[in-house]
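All remarks here apply to the structure that follows.
Going by the order they are written in, the chains are A, B, C and D; count residues from 1 in each one.
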Amino acid sequence: MSERGIQWFRFTAPANFYDLAGRLIPWFAALTIALFGVGLYMGLVVAPSDYQQGDSYRIIYIHVPTAWMGMFLYVLMAIYAAIGLIWRIKIAEIMAKSIAPTGALFTFLALWTGALWGRPTWGVFWVWDARLTSMLLLLFLYLGYMALHAAIDDRQRASNASAVLAMVGVVNVPIIYFSVHWWNTLHQGASITVTEAPTMAMIMFVTLMIMVLATWVYSIAVVLARARVELLERERTARWVQERLEGERR
Amino acid sequence: MADREFRAVALAAERGDRRLFDDIDFTLSPGQLLQVSGRNGCGKTSLLRILSGLSRPVAGQVYWGDEPIQSVDGGTGSCLGYLGHQNALKEDLTAEENILIAGGLGGGRPDREDVLAMLASLGLAGYEDLPVRYLSQGQKRRVALARLLLQPRPLLILDEPYAALDVQVIEVLRSAIEAHLARKGMIVITTHQAVDIDGDCHNLRLG
Amino acid sequence: MMEFLAMGGYAPYVWGSYLVMAGLLVVEMLQLRFRRRSLMDWIRRMARLRVQEENQ
Amino acid sequence: MFRPLLALLRRDLTLALRRPQDALTVVGFFVVVVALFPLGIGPDPEFLRSLAPGVLWVAALLAVMLSLERLFSDDYRDGTLEQMLLVPEPLGLLVLTKIFAHWLITGLPLVLISPLLAVQLNLRPEEILILMAALLLGTPILSLIGAIGAALTLGLRGGGVLIALLILPLYAPPLILGAGAVDAVMHGASAQAHLSLLGAMMVFALFATPWATAAAVRIMLD
């Protein structure tokens, strides 16, 4: 246990983190390509079409993973932000900032695919369904976080201030979700709930899980890559940055 | 007045990418004054804000006795008074109201007579019931000083207190500082002018 | 093949979802790559300038 | 313990009284926004009535949001906020006092003027009563949450617009519950569930948000 603690601490040192992330990224990138390849093939070709929704249901293979990822990344971002704020760990601050764009992107994709799935299913692109509405508010939370980070010039202050915002946001996410859900059930007339097949065929479930895994691995790779860039930007005057620049030409 | 030492241990501060200062150490005992000097932009104000607990240093810690300055028993403000570049006066309130309210906020029950006497000693007799917006820059500074001197704190941290003051007021302030030191108070001060103060004075050069 | 592309008549929705996702992920990666390159160039340039200053 | 807080409350109220136009502007904004809605959607009384809860709540929410920028920025500019960090009192309590003063100046007038606008939008007396109760519980929540945004944008360029982006998503729950309360009465249901949830939310905000705001103030003044 203590040994692992020391290990963890070692990797929070900027240079070590930079090197470790650099070594990990290619693996995750390769894994991403493999998983997306298998998942797309299974989802688009192998899996049979749904007897009710026809082929339009295939959007589920990207709608569900992106929606999960969007929500999960927000929580993860808030956790890193809290660690960075409370224990003043630079790497955690950088991770929080690096997660935000990817999280926002996945949240947007969940909305986009949700709308495109809604059209054939409900007949309209957008319904004020509880899930879509809370995803929309989540996207706004991401945008607010990024806007606040960008608006403050001093880097330390930007990290701290947006960490407070992320923590306030993460406390609010369940409250928002609950109230939106409640609002939605009260106005039942206007909305149609998503029709989920009661028993999902095994192949569909497996495909879905592969796609979920693929978005996971993609997120890890991209976030680590962005964290490296952020780290370089923050530490550009440090000696370890100069040393590494000598080493890698492009 | 003060019964403990005020210590800075290995303080460092940054602005953007630039290190302002490194490894600042000092110990101030009751009755001592520390003058911080250095050219413009060398981090005097940053140091003073760190000493008063308003900013967090990149490294190091400030202690009031054995307690870190942020977690002093009874709040940071119970041990020190800080006068920054801004006068911290409400333009719509009169000089007297400003001081009385600040005193009330500080937990004291300021006496109106004391306030008027202090304002008079700083040459502001007759201005006490005017909204502060009608006062000149120098007069506002004097009101801010009056507020500070009326709050009995063992440690005073003064950032350019002489700015915009004329000669007589500088004299009044000087004697107030000397009296504070004689009462075993402590002072940390930055100033451009050389003002000779009778007492146990020390110097810290930045940059 | 045509049948596959037609997606049972839902082609605009299915491909609209998949292609937009693919496109945005690619844009994200390209943007990251671009940012990294320009940052590297910037740091190198600063290092060069510093060396120049020291030589003078 | 409470004397410093009373001093601060009295200070903020005195300042507001010396510049009454600030508070009046907020009320004016509320009235004007509500008055614009019928122009946009037509004068049909029944239709307006059905939209009234949402319109009144969104207008109140925007009015509170616009007023928030003033909450800390004056004290920030003249340095009194900095001095407040050096007061022996916990910063969270000072912040809470300032928010309370701010609510008395801007939130309460909105509650008091809302019946007038509700009548214009054809709400019935019992619905107006619920509207006022909901606003009475809801506007403090808006001020409490908004204070976090106001603190986080201290000293930033374009702070006003940024506040909107930061806090409007957080305003969704009180908006849903507040407008829903009036809506429920309109449709012959009880508003009790809405109002008790709104009350619970207010209590939660009362205890939780001042500390977040205090942390934000410390960070922005660092």
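We take it that a residue touches a chain if its C-beta (ideal position, glycine included) is under 8 Å from a C-beta of that chain, and two chains touch if they have at least 3 such contacts.
Just so it is clear, the model here is predicted, and its values are computed rather than measured.
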Chain A to chain C, fewest steps along touching chains: 1
A-B compared against A-D, more contacting pairs: A-D
Chain located farthest away, centre of chain B as origin (C-alpha): C
Central chain (by mean CA position): D
Centre-to-centre distance between chain B and chain A (centres being mean Cα positions), rounded to whole Å: 48
Distance between the centres, which are taken as Cα means, of chain D and chain A, whole angstrom: 32
Gap in Å, rounded to a whole number, between the CA centres of chain D and chain C: 43
CA centroid of chain B to CA centroid of chain C, Å: 53
For chain A, residues contacting two or more additional chains: 236
Multi-chain contact sites of chain B, meaning residues that touch two or more partners: none
Residue numbers of chain C (touch at least two other chains): none
Pairs of chains found to touch, sorted by chain label: A-B, A-C, A-D, B-D
Residues of chain A that touch chain B when the two form their complex: 154-155, 236-237
Parts of chain B lying in touch with chain D, wherever the complex brings them together: 52-56, 74-78, 80-82, 84-93, 97, 101-102, 104-107, 109
Residue ranges of chain D in contact with chain B within the complex: 3-4, 6-8, 10-11, 14-15, 18-19, 78-80, 82-90, 221-222
Chain C-facing residues of chain A, complex: 40, 44-45, 49, 54-56, 58-59, 62-63, 66, 101-102, 105, 108-109, 112-113, 116-117, 119-120, 218, 222, 225-226, 228-229, 232-233, 236, 241-242, 245, 250
In the complex, chain C residues that touch chain A: 4, 7-10, 12-14, 16-18, 20-21, 24-25, 28-29, 32, 35-37, 39-40, 42-44, 46-47
